[in-house]
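In what comes next, subunit A is part of two complexes: it sits with subunit B in the first one and with subunit C in the second one.
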Partner chain A sequence: MTDQGIKSRPIYAALRRDPSGRRHLYVSAGAEPPPPALCDGPLEGWSVGPPTAEGTRTPPEREGERRFRSASQLKATLARRLATERMGLRLYAEGPEDFLWDVFGIAQEHGLGRQEVFLKQAGTLARRVQCVHCKTLNEGVSTTIVRCAGCGANLFVRDHFSRRLSAFQGVKVDAEQPGDVPPAERAYP
Partner chain B sequence: MNIQFRKDERFRESFSYVNSDAGVLRFPFPFGEDRYMYSVNIEPHTRGGPNPAFAHAFDIDEHYVAECRERALVLADDPGRCQVLPHMMPAQWDTLELLMESFAADYPEHFSLEKNGDTWRWINRPLGIEQTFVFGRPETLPCPPFEYITRQAQGDFTLQDQRDDNLFVDGGMVTTQADWSLDFDIGMSFHEWHGPVPLAHDIGVFDRALRFLLRLQYGHPVRRLNWTMTINPRLDTSPENYPDWGPDRTTVTPDNVSEKVHLRVELQTLFRLPRSNAILFGIRCYLLSLKDIERVEKWRKRLNRVLTTLPPELVEYKGLTRYRDTVLAHLAPRDDGAPLSSGIQPDQTTLPPSALSNQR
Partner chain C sequence: MILDAPLTARVAGIDPLSPTLKRVRFVPERGRFPTAAPGAHILVTLRGPERIWKNAYSLVTPPEQRDSYAIIVRRVEASRGGSHFLHDHLKPGDPVEIGPPTSLFPIASLARRHILIGGGIGLTPFLSYLPVLRARGAAFELHQYCTDDESEVFAGLLAEAGGMAMIHGRTNRRSVAGILADQPLGTHVYTCGPERLMAAVEAAAFAAGWPSGAIHKESFGSAEGGAPFTVTLARSGRTVPVSESQSLLEALETAGVEAPCLCRGGACGVCLTRVIDGAIEHRDHVLTEEERAGGRLIATCVSRARSDALVLDL
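Presenting the complex of A and B:
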């Protein structure tokens, strides 16, 4: 069920420092420090405190480190930062897939090329799912079938992924035989 | 050639859709052999060939007026069916120019285009449109140029931008689609938007097709046929509205199969555009009921053979699972197994009355 043979899924490689960059920014949706492979030189590291922190932040431990209360706050700050960046920045992102492609979209909007952004999936495999019928984005979906928060349809989570929406596609599973909804399986923990 | 347009056709709810005998015989039947599998079946889009639908750059037939009205209904309900990313404005004008020039040259009794420098005058007689505008100035048209002209054309269109040795679907007018969402797919690369298609990736079809299309030359368009099946003469089989049309697939019975089930063929054409270097992809949809297919002996027998041997992945992907057996039970007794000529041409120039073929 988790491999539907659909070829629009991104494949991610481990993060490595790109020596052609002049400045390096690592953003993470988690609280872990940057991977050592990025750290042989100056690196800014942005991270997000866990939900258990309830809005409190631990102070930075080293230069270039910055901590955010949420991924939303990090992304908003990233957009402002990239608006004033110059050529030579390399951006590295680590986190769940929706976070990665939100970051990628922000980077593209601000003129970074595809070769200047590096993504690595980490943390939850839960998916953002766009209902193809009513266009509602359902966040944090961990099951093969989810009830759409917008229109109430029981959506099958297709492996078809849009980088622009950072979302998978959800299609009404019982459209042909209304009520014929198979049991949901936990597939994306 | 003066086309008699069937203005009262309806492609939804209380369906009303008829093909004339000439309309049946010009149907671009997609099966040249008794078995079907994906291939890079791309050929030059030259005039002529085995089917009259290939005789013009963009084919217009008796359903033109009704299909344009259906498109307007879909757009009124869901404006997101037409979207073009902001960097594609040159490709929008390229599209408008190509369609207007092709229509005016191929169907002069129905369309005219007069140019006076950048001031153009466009007349579309079947739809009763007269428009003077300045080429390159969107504010002189009632809507953006790509939407303006594709509202006046049959079939869907997408715009592919070429960069990074790839094609990106960065715009489209998609209201008569076989179950894919422009709103979801817009911005995707070639392999991404074809992601859900089974089997073809593994046999390298998309790698070869992309390599071929990246080299597509201005003035040398190409075409291919694709197909699926649709219950009722419904043009808008979008994923957006799947909750509305999905139940149709459970309504096929031995009694209504020949009227309900339609072969849906896409005449896909690809044109390199001159200013933008983008590619315009036309997806012209034709629907023909099983009842009308049966009137062509070769097509009736060949469809039986193709559906009998279709790989299960394709049966599933094309959504035929619930009614294929009913179709085959209907077709199999009408196929004597005799060898058929290769190619898609009907091998007959007249049709038996449809009432006769309905009995047997």
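Presenting the complex of A and C:
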């Protein structure tokens, strides 16, 4: 069920420092420290504290480290930061696929190209699913079939991933036989 | 549409711009010329009394201009004769054959800002960029490096093309590193001119952390002569002499060999030919260090033999 034969999905390599860059920024959707392969020199590290730590966060230990309350806050800050950045920056992102491509979209909007942004999938495999019928984005989908929060259709979660929307495509599963909805399997933990 | 057949044209006018620079305007014999991309060049076939030259020149006319094409040619002392013929013998009304325009130096569509750095006559491709960049409302800067003597000529050409340029003469020039030091994300640099200038631009961009995809170079006219040698064509067994002032490609063409080519400046790689024997003096911008060391491929438009003879798989 998980391999649907769609071969256009992005493949992610381990992050390593690109020595041709002059400044390096690592953003993570999680709270883990940056991978050692990036730390061979000055590195800014942005991370997101888990909601369970709300109110108990300690200030960052290293210089250049920042902790955000949420991935949304991190992305909004990243957009403001990139608007004033100069050539020579390398951006590294680590997190779930929707986070990665949101970051890539922000980077691209501010002029960073494929040679300047590096992505690595980490954490939950749960998917952001766009309902192709009503365009609602359903977050955190871990099952092969999901009921769309927008229009109520039972969507089959295809492996077709949109880098632009940072989302998988969900297509009505019972279009031919209304009501014929196979049981959902938990496939994307 | 891919055009293969040469365009027949004639010389409509020749303007002397300086003692060594002439602008030559061509008009089509019939109909209109094809639309050219910004930064495009054409291959002009010049038929002298004793020999034929095929030289690549950047178009300096705006891309949408189809009733005429113009090029600017410098008379080079150490040339293989093409620029001398063009300066000293070509006259209005003469027929010429022109290859369809080809662009190996396009404007990067994803760039958010463009820095154009020309050196001397290397300004020419940028003259066709300017109307396009302005029409797109693109952010750009143009820096032209030249001798003090020529700064007025280039200033005049840039004014015709709409201006917005900085001219850097010999005595008062800003460093390339200074230009590239503090540019916003999404900036691309394009350079055309002497090898030393282009190398300086590339080095400054890398030093400032620019990715290779944001650095664009165009080089022409590096087909300088050298020691004569002979080339043997393995398939036909023929032997062709290459004189001091000829390129290997020109010698092949003179001998009637159909050799592939496109840019004639060592930039595109279309002319790469397999070498069976002999030592190569590589002068192209296409082969990797590994391929050069391998010694099995030669860019016939610019490279020569380091030995007395070469054997080609032709």
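Basically, the second predicted complex is superposed on the first by the 187 of 189 C-alpha atoms of A that agree within 3 Å, B and C clash if a C-alpha of one lies under 4 Å from a C-alpha of the other, contacts with A are read in each partner's own complex, and residues count from 1 in each chain.
Throughout what follows, contacts are C-beta pairs under 8 Å (C-beta built on N, C-alpha and C of every residue); 3 or more make two chains touch, one makes a residue touch a chain.
What you are looking at is a predicted structure, and each value in this text was computed from that prediction instead of being measured.
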| item | value |
| --- | --- |
| Subunit B versus subunit C as contact partner of A:38, first or second or both or neither | neither |
| Subunit B versus subunit C as contact partner of A:111, first or second or both or neither | second |
| Partner, of subunit C and subunit B, that touches more residues belonging to subunit A | B |
| First (subunit B), second (subunit C), both or neither touched by A:103 | neither |
| Contacts of A:162 with subunit B and subunit C, given as first, second, both or neither | first |
| Touching partner for A:153 - first (subunit B), second (subunit C), both, neither | first |
| Contacts of A:177 with subunit B and subunit C, given as first, second, both or neither | first |
| Partner chain(s) touched by A:135 [first = subunit B, second = subunit C, both, neither] | first |
| Which of subunit B and subunit C A:9 touches, first, second, both or neither | first |
| Shared subunit A contacts, counted only where both subunit B and subunit C touch the same residue | 114 |
| Complex contact set, residues of subunit A against subunit B | 5-9, 114, 130, 132-133, 135, 153, 158-165, 169, 171-172, 175-178 |
| Complex contacts: residues of subunit B adjacent to subunit A | 80, 164, 181, 183-188, 191-196, 198, 201, 239-243, 246-247, 249-250, 322 |
| In the complex with subunit C, residue positions of subunit A that touch it | 20-23, 82, 85-90, 110-116 |
| Subunit A-facing residues of subunit C, complex | 110-113, 180, 182-187, 206, 208-214 |
